[in-house]
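So the structure is just underneath, and the comments pick up after that.
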Amino acid sequence: MIEVSGLCAGYDKVRILHGLSFTVTQGSLTALIGANGAGKSTTLRAISGMIRPMEGMVRLDGTDITGWPSHRIARAGLAHIPEGRRVFGQLSVKDNLTVGAFSRLTGTRTRGDVAADLERMFVLFPRLAQRRNQPSATLSGGEQQMLAIARALMLSPSVLLLDEPSLGLAPKLVAEVFEAIAQLKAQAITMLLVEQFAFAALAIADQALILENGRIVLAGPARTVRDDPAIRSAYLGIDERRETVLERGDDCL
Amino acid sequence: MARHFLATWLSTGLAISTALCLVVPSAVSAQNAEPILIGVSAAFTGGSAAMGLSARQGIEIAAKEINAKGGVLGRPLKLVERDDEGKNEVGVQVAQELIDKERVVATVGFVNTGVALAAQRFYEDARIPVMSCATTGTMVTRQFLPPDYEHNYVFRNGLYDSLQAGKMVEEAVERRKFTRLAILADSTNYGQLGRADLESALSAKGVVPVAVEKFNIKDIDMTAQLLRAKQAGAEAILTYGIGPELAQIANGMAKLGWKVPLIGSNPMGMTSFVEIAGPNAEGARMVQSFIPDASTPRRRAFLEAFRTDYNLERIGNPPSAAQCYDAFYLLAAALAQARSTDGGKIREALESLEQPVEGVIGTYRKPFTAGNHDAFDPSYALIGEVRGGVIVSAHESDRPR
Amino acid sequence: MRQPSERLLALPLLGLALLLPLPIVGISNYYVHLCLVIAIYMILLLGLDIVVGYTGETSLAHGALFGIGAYTAGVLFFKFGLGFWVALPAALVVSALFGLLLAIPALRVRGPYLAMVTAAFGAIIQILINEMSFLTNGPMGVRLNRPHLLGLLPRDREYYYLVVGLLLLALATVNRIVGSSFGRAFQALRDAPIAADCLGVSVWRYKVYAFVLSASLAGLAGVLFAYGEQYISPNTYSIELSILFLLAVTLGGSRSRLGALLGAAIVVLLPNLLADIDLVRWIAAAIGLGAILVMVSRIRRAGALTGGTLDMPVAFCLIAWPAARSLTSVIDFKLTIFGLMILFVVYQMPEGLSGRLTRRSGPAIVRSAARPDFLLTRDGEEDPGDLLVVEALTRQFGGLVALNAVSLTVKRGEIHGLIGPNGSGKSTLINLLSGLYPPSLGSIRFRGQRVDGLPPAAIARRGIARTFQNLQLFGEMSAFENVLVALNHSLRGTVFDVILGTPRRRRSEAEARTRAMALLDFVGLGELADEKACNLPYGKGRLLEIARALALEPRLLLLDEPAAGLTRPEIETLTANLRKIRDQGVAIVLIEHHIDLVMALCDVVTVLDFGKVIAEAEPQALSRDQRVIDAYLGVQQPAVP
Amino acid sequence: MSILTQLLVSGMSVGMIYAVIAFGFQLTFATSRTINFGQGEALMLGAMVGLAVVPFLGYWGTLPLVLMFGLCQGALVEKLAVARAIETRSDFGWVMSTIALGIIFKNLAENIWGRDDLKFPSPLPDAPLVLGGVHVLPMELLITAGALALMLGVEAFNRGTILGKAVIATANDSGAAGLMGINTPRVVTLSYAMSSMAAAFAGVLVAPVTLTGATMGSALGLKAFSVAIIGGLSSGLGVILGGLLLGVCEKLTGFYIATGYADVPGLLLLLLVLSLRPTGLLGRSALTKV
């Protein structure tokens, strides 16, 4: 469970987030939606410790984790799949997954059966199994995204933050990624999802948060947000055929 | 919290108490008479530090001895020591500081010829005598000769290059009859000035060196230089460099399995050469002004002082220490004779010392004249040899002066 | 109105005024010489500061450049018997040439790499001076005699005044330059080199300027040093000297004339101070006392002792005194003390000493009344109907084809939308149009001329301006200065006009200031003109980028997501502004995800997907295009319950 | 012919010395994009500490102690000079503070061990081996073997252990590594520790054949820096290649051109490499993203 209250964050002296407060309840999937520059990625980064919140509080499963460095938050059970995949290119697929279990292998977190989890990932993502010993830099974009998700799961997290998992993927792969997310939801992992395909994200989410210029302008059940034409025209753009045109992630190159 | 509290107050207390100590003037048993200030300018850091430190130690021992006997003119001698770092520009600053701020009556020291050449003009202008006791550049005492200058204030008792080069060539060409000689000199102005003197001394004997090579300070491998000398068919190597690199040459020769005699200038006598080259140093010969043996009571006391004052079994560079020690005595004698701290009078006294001055190198009888400011003549140049890890006289005839 | 450069000048001038009478009132030669060396070092540091402080590069070659100046004098004297007055201009020219040489690698590498290149450069120079005995007299060095000047004062005093005079001249020159478009350009290429290039401020050109200027000052210092010391030898100009100069800049503080003075004074005086053990003990006691006072005030403020009461620096200061007390001679520990000072300054005073003493100020801001006749472009020439014609443009990155045979035409005065999913190549297209990447294949014609393959600065000067998706502002400069940088093209005159402050230069500078302010007002940032760019909120930063791009007086404006991060009222202002810009005849290529903005503004929209143009149409027609819908929604639409 | 071979062999053994020091630059550059400008001093401290304990433990007994010392010294450098600079993202900061620490270490060593160069006893016979007319010291062979062993050891550590993988992960993407629960600041500290360990090890390796004293590091450190840049700060094979190239270049120029110019081709090579391939001979290049 994540509880965020009064969260302000940004880069250098520039504030991006202006006092966010929301809760992602245990085992639910919340979609975070907003235009480019609204502060979606910044929100995830401030929660996972990649940037230090300027004000406010973040709690993970009841523990105050505000201002903790990211590695400590990871050890507390929060996994963050950062935007742009960011796999460790020099390491093989298997080593990427092993490093994903770093905090389990080096003590503080309960170890469990890492080897078994590794095999489970290869079952979950059969494409990765074929490339097990290949340096991850040589994988295709879709495979890297699978690897990034699998790597995060190796932490056996209680909370998972996903930042634009569909970014730059061919439509077929997008569907695969969403399928995987749906499976995780079935395992009752708490998830916060930033997604450019707002329509698709709302379809699988329980709750929705709409972010505008660093402020939450609307929070509610995903279904309501999706089905209410007034909300859609006010926050998501115009008519539904074009709606996703609004919601695109950051551009690459 | 409590720990911080304690730590902070402890340190605060410490700081306050130390600050109080400062206010209480440190008890110094000063003699009543105002001391005579003598400047010491030498390299205590940098590449020539080994020689500079030996020089400083020699001077300090001499000053201590003289002060123990009541000083000069009833006044103690106080040393004002400054590190010129072997850098010309620092030497210039030090000279001006000693002259204008500290107002020394004379300065002893100087290791680097370049520093001496850059800094001496200020002493000359201020009419303050300089006893240059570890420089080797032949030019050092000849920078301000009449008639261009009224009087020359630079004196030296040290082995200057042309003297050393002459001795090295004599050893190589006359005594040992080598005709194919290679010169290895370092790339500093010490090495290159010496190289020039060596070449002219050789040409005076009608010998042209078969190879003239350079190496840098801190070079760790001399293969290229040695192979070039070997290729040229050298029968012996004349070196102009300082201890550590010379040791690398000796070691490099051993590595290449090419053993020809090494004949070097004064710094080959540095402890670092003998130690680092170890067995490869055996048989190397070099020009020395002083070979540390306890052959006279004076020398015994001198070596003993190093042991007690500096805890040194072996002096880093014995000639520098001995030359500077003697230089200080010469200066003290001149002060006594001049009965004045006026630079001009001291210079006059130095140029006409009436009493012989006994030093560790020898006894100086009228070492300087108005026309000659170098106390040493070729008879001061001895040939030392590394035997069993120590430097001894190579030739019987060179035994104590 | 007070010129800021004068304010900056005031403090060092004060220091110099204090130093000036010293040599007259019969002070000892020692101090005169110390002041002389300080003055000479200061000249060099003024130059080094241009490279280190303004362009943000590291140079370990300045010791060698200093040597080049000194040896220009040395060689002229030694080989040709030519004296000071020939050496002075000659050294400036020779060292400037070497600066030019040094600038070449600096164009290719930065950071530790550049540090190494400059170190290697310095080492080679030193070896050459040492080895080329036929020219330089090698390690034996060269002796020189000071020039005869007026003969009114002793020679060394006269020389001192000469050096101080030249220092003031150098100071004034550097002040003029860094306060001018040159200084702004230097800082721009430090903060955001890519943006500088895209604003027509050629990184290449200004880096060369900076290095040449810096090298000439080093050369000037070198020749003065040679005649000041009257004896030079190669071993002086080593990497240690270069490091010493860098340390002086660090200690004194960069981007500050006062810093140069302080830095020079510290590195010259420190060894002399440390030689005096009693003085050192007093100073150490004072430092210890200061540390105690700091601690006491901290306890007062916190109301109790906390962990912060005794931090590392304070602890260091506390042990300074007992340490000094226990040592009989600190001179042996001189370098340690030096090192500790640097660590202290790097962490406690990253701005250097001068940063602590003064507060920086930007250039004077010209407030102007709103001008209804404000024109975005003053270029009278008529554009062709097809302003920009892109044909079969392809760009590959390794195996990835980011842009695949894209063709499009932007007409005069139209707003051309560019949309498409992420990774579809929109930003790549903008980067190719602005010259950041050369195309792999294909051509770009702008106003009828080929521009593909031209460097960004050249393209910018032909009339294509852009903004960046990830802000590329000159962070350390004010909003006003950010716009001024882009107005460099409107300034008349050369670097000599800047140094001399000629009327035509002043006039165009004043015009530029007025215009910069007008542009800021135009985008609605007039109130924030003084604010440092890095302090601006995200949305304001985007507006500033637009103002900056407009300062180029472009015929084509490339906007990469200008509305991202803007609030609704801001978006409305932006919409209105973009219309105004178009109405003045400037064409716009607009990448934007706010679809309502695209719909409202664009005359035509091109849709990219996977590097290819999949549609080009009027906005209204677009929403009915099945290919576009597929690209956005994905062919296999996720199941919706 | 035998002269040429001799020069090549001598150049290569010197080159391996450069390479092993340069290797340390690479370790820290990978994880933190910073390097220790006091690397030469780390080498010197290793040699001096080794010299201090060698009479009690013997050469081989000294090694583990020196390696431990190197680890600690590197960690100290990182804590004092680099950590804060990384935090504040100040480029100039770490350059100046590592230079400053280097100066301090050198000065302290001068005051502790004196300014003279000292003899470091060689664990192997001083007599050269003659292999096909080429003379080579047993110690030189040990240096080459030791340097290779060290590099292979570090490589094995990186490939084989979870901690090593964490180091590579941090080098690849520090931010993402943090998300895996890797304490990246500590990994940077570790890389500095390993870098200084490599330098200290190099110190004890080379001390018996070079000069051992407080100033031994400066010249070597600078040479090693050139090597790292020539070879590429991101390539392990690069530093070996760069080292060999520089070492051989020096010897060949010294013999065939003039000994005074021995350093010039190396420096020219450096300038050339940097102007043609700024990331070094085997370095990877990165495209600036806008």
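In order of appearance the chains are A, B, C and D, and numbering begins at 1 in each one.
Heads up, the rule we're going with is that a contact is a pair of C-beta atoms (placed from the backbone, for glycine too) under 8 Å apart; a residue touches a chain by one contact, two chains touch by 3 or more.
Quantities reported herein were computed from a predicted structural model and do not represent experimental measurements.
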Requested in this report: Please identify which chain has its centre, taken as the mean of its CA atoms, farthest from the centre of subunit A.
Outcome: B
Requested in this report: Using the touch rule from the top, work out which pair, C-D or A-D, shares more C-beta pairs.
Outcome: C-D
Report summary line: Taking each chain's centre as the mean of its CA atoms, subunit C sits from subunit D at a distance in Å of 33
Requested in this report: Mind checking the centre-to-centre distance between subunit A and subunit B? Centres are C-alpha means, answer in whole Å.
Outcome: 73
Query raised in the report: Which whole number of Å gives the spacing of the CA centres of subunit A and subunit D?
Result: 41
Report task. Would you kindly tell me how far, in whole Å, the mean C-alpha position of subunit C lies from that of subunit B? Result -> 49
Query raised in the report: Considering subunit C alone, which of its residues make contact with at least two other chains?
Result: 130-131, 332, 334-335, 397, 427, 431, 469
Query - Residues of subunit D whose C-beta touches two or more other chains - result: 110, 260, 263
**Report entry** Of all residues in subunit A, the ones touching two or more other chains
**Finding:** 253
Report summary line: In contact, pair by pair, are chains A-C, A-D, B-C, B-D, C-D
Query - Touching residues (chain side subunit C, partner subunit D) in the complex - result: 52, 56, 58, 104-105, 108-109, 111-113, 115-117, 119-121, 123-124, 127-128, 130-131, 194, 239, 243, 246-247, 250, 332-336, 338-340, 342-343, 346-347, 350, 397, 427, 431, 436, 468-470, 472
**Report entry** Complex interface listing, subunit C residues touching subunit A
**Finding:** 397, 402, 419, 421-423, 425-428, 431, 469, 475, 534-539, 541, 560-561, 564-567, 591, 593-596, 599, 623, 629-630, 632-636, 638-641
Query - Residues of subunit D defined as touching subunit C within the complex - result: 29, 34-35, 80-81, 84-85, 88, 90-93, 95-97, 99-104, 106-108, 110-111, 222, 225-226, 229, 233, 260-261, 263-264, 267-268, 270-271, 274-275, 278, 287-288, 290
Requested in this report: State the interface residues of subunit D toward subunit A in the complex, per the touch definition above.
Outcome: 162-163, 165-166, 168-169, 171-173, 175-185, 289
Query raised in the report: Considering the complex alone, what residue numbers of subunit D touch subunit B?
Result: 3, 6-7, 10-11, 13-14, 17, 110, 115-119, 126-128, 130, 135-137, 206, 209-213, 215-216, 218-220, 250-255, 258-260, 262-263
